[in-house]
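One structure below.
Order of writing sets the labels: A, B, C and D. Residues in every chain begin at 1.
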Amino acid sequence: MPDSLKDLRRDLASAYRIVANEGILDAFGHISVRNPNNPQRYFLSRSRAPALVQTADILEYDLDSNPIVPPVTRPYSERVIHGEIFKARPDVNAVCHHHAPSIMPFAISGMPLVPVFHLGAAMGRHAPFWDSRDEFGDTNLLVVKPEEGASLARALGKHAIVLMRRHGATVVGGELRELVFRTIYSAKNAEHQLQAHMLGHVSPLTDGEADMASQLNLAPGPLARAYEYWVRRLAEREGRGKSDPMLRAVEAAARQPVPAKAAAKRSKVGVKKKPKGRNR
Amino acid sequence: MPDSLKDLRRDLASAYRIVANEGILDAFGHISVRNPNNPQRYFLSRSRAPALVQTADILEYDLDSNPIVPPVTRPYSERVIHGEIFKARPDVNAVCHHHAPSIMPFAISGMPLVPVFHLGAAMGRHAPFWDSRDEFGDTNLLVVKPEEGASLARALGKHAIVLMRRHGATVVGGELRELVFRTIYSAKNAEHQLQAHMLGHVSPLTDGEADMASQLNLAPGPLARAYEYWVRRLAEREGRGKSDPMLRAVEAAARQPVPAKAAAKRSKVGVKKKPKGRNR
Amino acid sequence: MPDSLKDLRRDLASAYRIVANEGILDAFGHISVRNPNNPQRYFLSRSRAPALVQTADILEYDLDSNPIVPPVTRPYSERVIHGEIFKARPDVNAVCHHHAPSIMPFAISGMPLVPVFHLGAAMGRHAPFWDSRDEFGDTNLLVVKPEEGASLARALGKHAIVLMRRHGATVVGGELRELVFRTIYSAKNAEHQLQAHMLGHVSPLTDGEADMASQLNLAPGPLARAYEYWVRRLAEREGRGKSDPMLRAVEAAARQPVPAKAAAKRSKVGVKKKPKGRNR
Amino acid sequence: MPDSLKDLRRDLASAYRIVANEGILDAFGHISVRNPNNPQRYFLSRSRAPALVQTADILEYDLDSNPIVPPVTRPYSERVIHGEIFKARPDVNAVCHHHAPSIMPFAISGMPLVPVFHLGAAMGRHAPFWDSRDEFGDTNLLVVKPEEGASLARALGKHAIVLMRRHGATVVGGELRELVFRTIYSAKNAEHQLQAHMLGHVSPLTDGEADMASQLNLAPGPLARAYEYWVRRLAEREGRGKSDPMLRAVEAAARQPVPAKAAAKRSKVGVKKKPKGRNR
């Protein structure tokens, strides 16, 4: 958890750029985090391409998605996705809406996305579908009205990801790094699943496997290892050196052995708790 | 709209390099804009790979595709594509002809390209096909005679994109940035549609959804957000710094809130006007 | 045609790196040119990954693929591919053997490669198959004996490309730049054709279209345009500036208008002459 | 063979970064080498993303996968994969566990991976499958218990690669460079095979072809050529210049002619010896 709201804004801006750098986001899509000091508020960038988002771009909204400070810049029109999910899901503290290339064939074809490998289990057992047409008929497909956001949140239910027909996906997490991991590996899962279908057969993880693998992947160790990797790749792309403070922080976090207790204490979104943890 | 013809030539040269940088154009393909001061003329690069086009490469032609100034460099042989479309479509002010990798499987197989996600709706409801063989029999497939260009323009009709069998596609726009957006997102639409076919089922946008989503995507806000992203990516590739004037201009444009009236005034190509605009 | 053998060696080394930079060659594959001063000899790199080949790596061989000067470095074991084709095809002055990712599915499945778009027509009407097993039974699949090279040359016949089952492809050209163009665009043709098959239908160019499009693509104008692009991309990757002499040479060549006569005089490999040329 | 254990650790760290740079490894996966001075011990990185592994990250383990020196950093939880294979296979001196994108569709669908081109023959005749569910029921899919590692080693048997259902693959080699070559080219084999299936037909190498092609590919010449290429690509990515000592070493190795005897002496893993070697 960041030391201050300033750190949180900085980490949120980095998350935008990390997820863009990994090919999930292009000019569109957005990520939010709930304000840990006031759960009735959340942070979201001004309307900007994710690859470009900086700390100064982060704005604060209430859960009705009204800005706390009147903005002098353009806001995202789809911010109700974030506000309505934060309302409906007190366990969710971070949300990503995207149109990842590997997810789109599922959003277009209606083929169910299922966990097909251990890292993909971060998506949970199942990804429900939401079709704006069911409740709202013909629209421009953007989720801009509160009732549209609330409908999407209902379709998400207790899951960790919801597919949006002819539009994309929305992913949720208990905290920002868990969200980033789930967003990236559910997109990889989609890529692998599509190609497996081309070979004729897909046998997904059992519910038990999905629960245990998800619990494992989102534990502090794997999360820290993956985050060090993504931050380094971003730093390389942005020409920031090895003395970059954020890079040094994630390196230190990834190096440190994880006490067994710390791992057990964490709660995760959309993941059944398995008391029988496995030694990592 | 650029302040001067010099700015327009510079923006056109940038558009070549942007569309190339996004993987749509390789050594071939070309983009034109109509001269806003004289609608009977248009601008097009000399025959050069799009990734390399600079302001000084831009030549001026009349609508019969004759050069205004006798050229001392090699012209594109397919310039009649541009001239004949500008003749037939007074609402069109920018044209891109390309052979994008994601579009080619549709141009080769004859599978109809349909809008399958909200951003892809920039292509309009439908993409007609043109086959040079129908009217002209065996040719080298290039569109070099005025009657070939006129035939292609007829096939395009009132649409925003026309597929060319065993050749590629031609896209049109009301202005340059709209054209760039449509070119890039119709190519992404093709990529997603092909992969959705591999999962067995494609359900396109309804006509109503396509009209509304297209109207939305090509509004000033999304266009400015996407353009800031593409210009930044190009500037990074070309090693131009953050003080680059064009980059600063698109940053400022993307930051500024859009007055509702300005959004409503704009007209777009191949898009049904929807008086019932949605709040963005 | 280069001014001297030194220029030819330099251009050959650049061709290795260009074709590698465009994703056709990885650690393996090789390119040769015939010695214009002595058609009984040809040039080929020492055994080295194509992306790394420099002028100093180029060795000279006779048509039996014996080195003219006893080599102090490791030679390619498959050099008979080049020697035997140069023996059998006096019209061929450049040869590329490769395992391009887009070609391999055809070499493995036996699906015929056919020209599916105008630029792909550079491959000619048809690509014959050669299977080492037919004549030689089980081998390690490399073409290392003179009789294996001669068998491959027979399968190539008068064509411009031959597919090698479970191995790759060999492409030939009347000169080096034609070879590079054909190699790159036949690989792109394969990529588009494979994806068109996934949409269910492939309608190739007619023989007439293939002949005319091939003639057109390999004319001086398109060749110069493409070469400027590939050399620039290579120069960027290798960190060479705009004052690089080779880059300046290809820029000048691409800028210059082509006299109609010069275009007509050229002869090309595997391409039917069409007296009825089209204005470019 | 490296001159010292320090060189071996450095080469192992480079192998991590090479295999990551070629797109096989992302934040996860790991590579080990057996200690040549003490075959009851092996080297493996601390738990770190492969692209980031440095010499100082390499730890030493006994074959029960207990650390020789109590670690102050986080270990990989799946190290028993390495220890149990080193126990079961005295001929194996290097192991790579990965989740390469091209391998995953096979691991998910159960489609057998077969050698489809000469370089892919480095995988051997056949890749067995291991499904953790068969013996252990629902797990988190990681191989963390000694009995799980031993079960995987049994499934591997005398082969060179084993596919792990819903998880990935594990590859083995007689030495580190052979392992890297096999890992990279078995992944390329999978990529080509998948696309060949999309064209409808796959005819693999015969057992005889697979044996001979594998023997050939892993000979000193091709191995040195490929390694120079991969080290150069890594050095370019990491901004290390041409004077980098490791780069100069691999350049020298690739340049030197191979005495026929040296080639014949080498033994390789999972490859039938063919006394009838072919001249390279």
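The criterion applied here is as follows: a residue touches a chain if its C-beta (ideal position, glycine included) is under 8 Å from a C-beta of that chain, and two chains touch if they have at least 3 such contacts.
No experiment lies behind these values; they were computed from the predicted model shown.
Colleague: Using each chain's Cα centroid, which is most distant from the centroid of chain A?
Modeller: If we average the C-alpha coordinates per chain, C ends up farthest from chain A.
Colleague: Overlay chain A and chain B by their C-alpha atoms and let me know the rotation angle in degrees, rounded to the nearest 5.
Modeller: Chain A sits rotated relative to chain B by 90 degrees.
Colleague: Give, as an integer number of Å, the spacing between the C-alpha centres of chain D and chain A.
Modeller: 33
Colleague: So the centre of each chain is just the mean of its C-alpha atoms; given that, what is the distance between chain A and chain C in Å?
Modeller: The mean C-alpha positions of chain A and chain C differ by 46 Å.
Colleague: Specify, in ascending order, the residues of chain B that touch 2 or more different other chains.
Modeller: Answer for chain B, listing residues that touch two or more other chains: 197-198.
Colleague: Specify the contact topology among the chains shown, as one of line, ring, star, complete or other.
Modeller: ring
Colleague: Quick one: in the complex, what on chain A touches chain D?
Modeller: That would be residues 116-119, 121, 188, 191-193, 195-206, 208-209, 212-213, 215-216, 221-222, 225-226, 228-230, 232-233, 254-258, 278-280 of chain A.
Colleague: Spell out the residues on chain C that touch chain D in their complex, using ranges where they run on.
Modeller: Touch list, chain C to chain D: 26-28, 46-49, 51-52, 71-74, 77, 99, 101, 104-111, 133, 137-142, 144, 165-168, 194, 197-198.
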